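Two complexes follow with chain A in common, the first pairing it with chain B and the second with chain C.
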Partner chain A sequence: MEFLNYFDNVFTIYHIALLVGGTFAGIILGALPGLSPTMSVALLIPFTFHMKPESGLILLGAMYTATVAGGAISAILVNVPGAPANIATALDGHKMAQDGKAKNALHYCFISSFVGGIFGVFILIFFTPPLAALSLKFMSTEMFWVAILGITIIATLDSKSVIKGLLSGLFGLMLATIGEHPTNAVERFVFTDHLESGVHIVVGLIGLFAMPQVWNLLENFYAKKNRVFSATGDATLTQSFKLVFSKLKALSIGSIIGSVIGIIPGAGGQIAGIVAYDQSKKVSTNRENYGKGEPEAIIAAESANNSMVGPSLIPLLTLSIPGSPTAAVLLGGLLIHGIFPGHDIFTKNPEVIWTFIDSLIIAQILMLIIGLFLSRHSKWIMKVPDNYMAVGILLLAVFGTYSIQNNYSDVLIMFILGTLMYFGSKAGFSPVPVVLGLILGTMTEEKFLLGNLIGNAKGSSFQHFTSGTINIVLISLCIASIVYGVYSSRKSKKIKA
Partner chain B sequence: MKIINVTKVALLALASMMLLPVQADYPEKPIGVMVAYGPGGATDFQARIATLASGNADLIGQPIYILNKPGAGGRTGWNWFASEASKDGYMLGSYNVPHFIAQSIVFDTKYNINNLEPIGNWGADPAVLIVGKDSPFNTVGELLAHAEANPGAVTISGAGKFVGHHIAFLQFAKASGANLTYIPASGGVDALRMVKAGETVAGFNNLSDSARSAADLKILAVADLARHEYLPDVPTLMESGVDVDDSSVNFRGLMVPSGTPQDVIDYLASRTPAMFNEGKTQGKMKSTNSPSRVMSRDEVIAMWNERQAYLTELLAGLK
Partner chain C sequence: MNSQIKLSTVIVTLFGAFLVYSSFILGDSENYLFPRLISATIAILTIMLWFEKGEADKSTNFKDLLPGIAIASAFILLLKILGFYLASMIVFFTLVMYYTKPMESKDFWRVLLIKLGVAFVFTFALYGLFTLLLKVHTPEGLF
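Up next is the complex of A and B:
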């Protein structure tokens, strides 16, 4: 219970000010496309340069916590996920917003983010040593199977037809192969200098979600189609709390899956969100409503991506191995303050580390309060006229894309990809499998090639990929996921027939 | 008509400003440093530390800001820097030797050491040969004996292709004659994870990062000419009987594109060593475990040329 001794350090006026400021700014930044948690933390690190280590880490921790939740705001209100972690939230969250239930959706999002987030921090506090050892067992082959597990659910995630889902997923996988070959550094499909560094995941995310939205809004505006906005679902806070806590299955699936994904090196929120969404769909009694504005879907996805935060720090703090892309950036933030991760970090720098962890708990609470407060004003965004909204999203998309790598080519890629997606969506294709293909394709290819090189050196690559308890468990999960997908689509066909 | 005239005059004025050699009062506004890697990485944060003191009047006299242009192992940033960055001394770039030289030899890049001018060097991080803490190998000799008995089975991780770790691997394999397998991870952190987890038999990684993780690793040797102050008990590869020099040491420093006025280059070159050596900067380098090595422009020119010649030869068969 050592963590209880350091709350005093958090409750100084300076640190509370940092936490409130960091959380508020984090929610807003998180909601802007392009300023993903990874990007926001990276940009903030130089600002912590002149602070004391614990103050700097408190600010970074608050930012990490709040941006992950903030990304859901834009996912729900304008169908543009603020970060890859919020893709699954957009599926049902935006449907709810279109039905006039934006405020309810935001309530569910912040309450379940809070529950998942606190769960994750307690995992960090109580289970660091055993989970750090487990995290080391996830090597290239295990990470490859995790990525494959993600790929098995691409097709069924958000498509009217499995064929269109598969085609979109394939397109995403192909986008992932543009640029440098992961292990022999040869350039592939680089027809122009603009594609030299491939399609960045967040560039793809912004293009595929934001641009079709811009064109749709403009189309509506010129067609003089008025959006009917009726605030039907003005749930009170008590009702929202009651609803979230009545969905214990979705909450616990989200929190547990998020925590497990958190300790896997490099996996992070984007995978936690969709895997939790898919698993909760499979066991839900409301599964037919997923994709049509089902609160359970939001609860599973958002509790997962926030519960990932705490556990992603487990391998980071003790082994210097980041559990998520954002944790990788946070490593730089630790080193800059002379805090070196290691098994003795809790004995060598107890003051700094425990203060940091305690501040994560406070950050979750502040995120809940500030988030719920902001939800009250969501109707203003829903009422913005289409033409203003289109211009606003376009500006944010261009600005957000450029800021990722300070590269003009990214803006061009974003624009072209997004415009293609607009026409694709007219033909019934969804951006979700495309962006998941892009994210998972990068990971699958890299991990496969590395595992293959190591396996060949050991004698047999096939054996290398199929031996070991975790590999076998993951392979079984992949098979189960495919079999279940086929089975459930047949069943629903029969019902229709 | 009037508007066109005004535009013409403005354009002429602009053109003449660009033709004039840069002014005596350089620098009169903040200076950028392009870093070819993302924020938060070692090159990024060392660049920020090394340029902390630039605002002092007796040093550069203007604050320095960092512009990150990551992508394609650094090539996106370096290509941009050589072909598009302004040549007026207000945009400097950071280099990583041997990475940027090796990549300009292997790939079709818009930059090479002939269209870039070094300013000064702030750091040098040698590669070290590491194995996991539970590894049966305690010396370079034992590792090589195992490699000889099992050709190709010894896997060695590093932070990708054509970076310092890869150069160290190539030199090590060539000098020892052993049949080894290089595993190019997606970055130094993942390469280190592979060794800690026992996924690869060994690895080449940064001395600074490995020294910090000493509890999870055994550091067998340093790929440098002399032992390092952070690891006084670890022998060099040469001491261990493998003839590998310091060609893989990761040197970091500042440069400008060719075409920058000579007086600007001279101004920067005369003041950067003092900036890198400033007391607070050196303190911060030490507390973050970033090995410092300050070198003047002339020393860097000699080092670049030597590396260019050596790497061209080493990489000849790998293009």
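Up next is the complex of A and C:
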């Protein structure tokens, strides 16, 4: 129950203000169609540079929690999910909006998100320390394979093509090698002065997530817009609470499935929401109403995508493998604040980590209160024109990038990288594996070089990397994840055909 | 294999070849060991990409996209000359004026004045937030 000792740190005026501000901004950003939680957290990281680590992480955590829940607003009112995690919510939520019950749907969404979110944070609290202790057994070769496993899983889950996903992850690793060699300080791939200091993690994060969004908004500016529904309905808050808690089966299915999927590296809220929706439909007595505006469907999907948030941090804090794309960005935030995930995270930085985890509980409560308040005015949030949104993101991206090191070269790298990624995404390449490769690149190379050195001293580097139970398990998991990726991609192609 | 997949595959192949060349030819074996491992794997995957039956690339609406890229590129280049805030106000105004929906443009001068006002207020808000409140450095130029 160590987590109870650090609540005092959360309840300072400064931290509460950060939580309220982060939640408020997160719900609004999440509600804007197309602004994903991943991009929102990436844009926010530079603003946390001047803060203490715990304050910065509190703000990022609040933003992560709120954007996932806020994405349901546009899913319900416009039928455009604010984030991939809200795809399942749109199926029934928008039907309710069409029937004049958008307010009811928004109530169910925020209440079930709150329940799922709290459940997920408690899973994080109780499962992280034992897993962190387990990571003590991970030496250089094991850590190398853990990094490769993380990239492999995200590459195969986040991309339609396994080959393109793996290539994206490898491009990310290559990006991380630009600049100084991690041990010899020899410059590599420095073809221009602008590349002298390499590609900073946050520069990559902002470029890869924010710039493609700017181009996407401008390219589709003249495309037809969907109708925005008002948040009308007959539900009172008490009735909504009663209804959500009367659907315990959907609530439990969503929370448990979301938590389990959150722990799986790279899976994320999109899968959590869809799987929970599907499983809840299978056991529901109202299954014929799914897709026609069934509250149970919204409850299952939203409790799942928010319960995923806490557990997605478990592999992140213990093994450096993010449980979701947004958690991958959060990993960048942790490293920038000097917090290195691993077995000693709770002994080296207990105050920072427990304060951060405790703040996630408060963030869930604030998400419920602010979410219910903002949902009444959500139609106005939807009306922000795309051209204003695009230029706003562009300016924030440029400012955020420059402020990292006061370096104009970073702005150029961010702009070029983001533009290349936009065209790459048209060809099926995903930014998430690239980012993970960039974030884990230096650590992966360091562990590889150390393992290689020890292996050579022992007689065979290859044998050193491929022997030992943990190494064999990790290599098997890498292969299994690639095989699964190939299988699921072939299966989805067959379904489409 | 359709022509669009071929184009993206060709670009990836050229890029992969460049990575292999710069890791194996330009770099020494000691410092480029890890990049060599990665670029060799990239090369193998690139060959496999040629045999993959993938979906067609999404088409790009260059007509609407390119003006945006041009305006944003000009902004990035002018950043150092004009400074962050002046360049921001200009790019804000230019982008929202260029990307105008047909229904907006009935009263041109009214739209222009409103957008100019929003650009000014937005830039001033950025100045208040970044420079006055957060005391963060922005690219300096004229302003």
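Just so we're on the same page, the second predicted complex is superposed on the first by the 271 of 497 C-alpha atoms of A that agree within 3 Å, B and C clash if a C-alpha of one lies under 4 Å from a C-alpha of the other, contacts with A are read in each partner's own complex, and residues count from 1 in each chain.
Everything below uses one rule, namely that a residue touches a chain if its C-beta (ideal position, glycine included) is under 8 Å from a C-beta of that chain, and two chains touch if they have at least 3 such contacts.
Everything quoted here is computed from the prediction, not taken from an experiment.
K.L.:
Identify the partner contact of A:Asn184: answer first if only chain B is touched, second if only chain C is, both if each is, neither if none is.
P.N.:
A:Asn184 sits against chain B and chain C alike.
K.L.:
Who does A:Ser36 touch here: chain B (first), chain C (second), both, or neither?
P.N.:
neither
K.L.:
Name the contact category of A:Leu136: first (chain B only), second (chain C only), both, or neither.
P.N.:
A:Leu136: touches chain B, not chain C.
K.L.:
Per the contact definition in the header, classify A:Asn406: touching chain B only (first), chain C only (second), both, or neither.
P.N.:
both
K.L.:
With the two structures laid over each other on chain A, which partner does A:Leu453 touch: chain B (first), chain C (second), both, or neither?
P.N.:
Touch partner of A:Leu453: chain B, not chain C.
K.L.:
Of the partners chain B and chain C, which touch A:Ser280 in the superposed model: first, second, both, neither?
P.N.:
In the superposed model, A:Ser280 contacts neither chain B nor chain C.
K.L.:
Per the contact definition in the header, classify A:Phe423: touching chain B only (first), chain C only (second), both, or neither.
P.N.:
second
K.L.:
Does the superposition put A:Tyr222 against chain B (first), chain C (second), both, or neither?
P.N.:
Only chain C; A:Tyr222 stays clear of chain B.
K.L.:
Between chain B and chain C, which residues of chain A are contacted by each of them?
P.N.:
Chain A residues touching both partners: 184, 406.
K.L.:
For the complex, give me every residue of chain C touching chain A.
P.N.:
4-5, 8, 12, 19, 22, 27, 30-35, 37-39, 41-42, 45-46, 48-49, 52, 54-55, 57-61, 64-65, 68-69, 72-73, 75-76, 79-80, 84, 88, 91-92, 95-96, 99-101, 118, 122, 126, 130, 134, 136-139
K.L.:
Along chain A, where are the residues that touch chain C in the complex?
P.N.:
Residues in contact with chain C: 47, 50, 160-161, 163-164, 166-167, 170-171, 173-174, 177, 181, 184, 186, 188-189, 214-215, 218-222, 385-388, 390-392, 394-395, 398-399, 402-403, 406, 408, 411-412, 415, 419, 423, 426-428, 444-445, 448-449, 452.
K.L.:
For the complex, give me every residue of chain A touching chain B.
P.N.:
41-43, 45-46, 49, 136-137, 139-140, 179-180, 182-185, 187, 193, 196-198, 265-266, 319-322, 328-333, 335-338, 340-344, 405-407, 446, 450, 453-454, 456-459
K.L.:
Which residues of chain B touch chain A in the complex?
P.N.:
38-42, 44-45, 48-49, 66-73, 75-76, 79-80, 106-107, 152-155, 160-162, 181, 183-186, 189-190, 192-194, 196-197, 199-200, 209, 212-213, 215-216, 287-289
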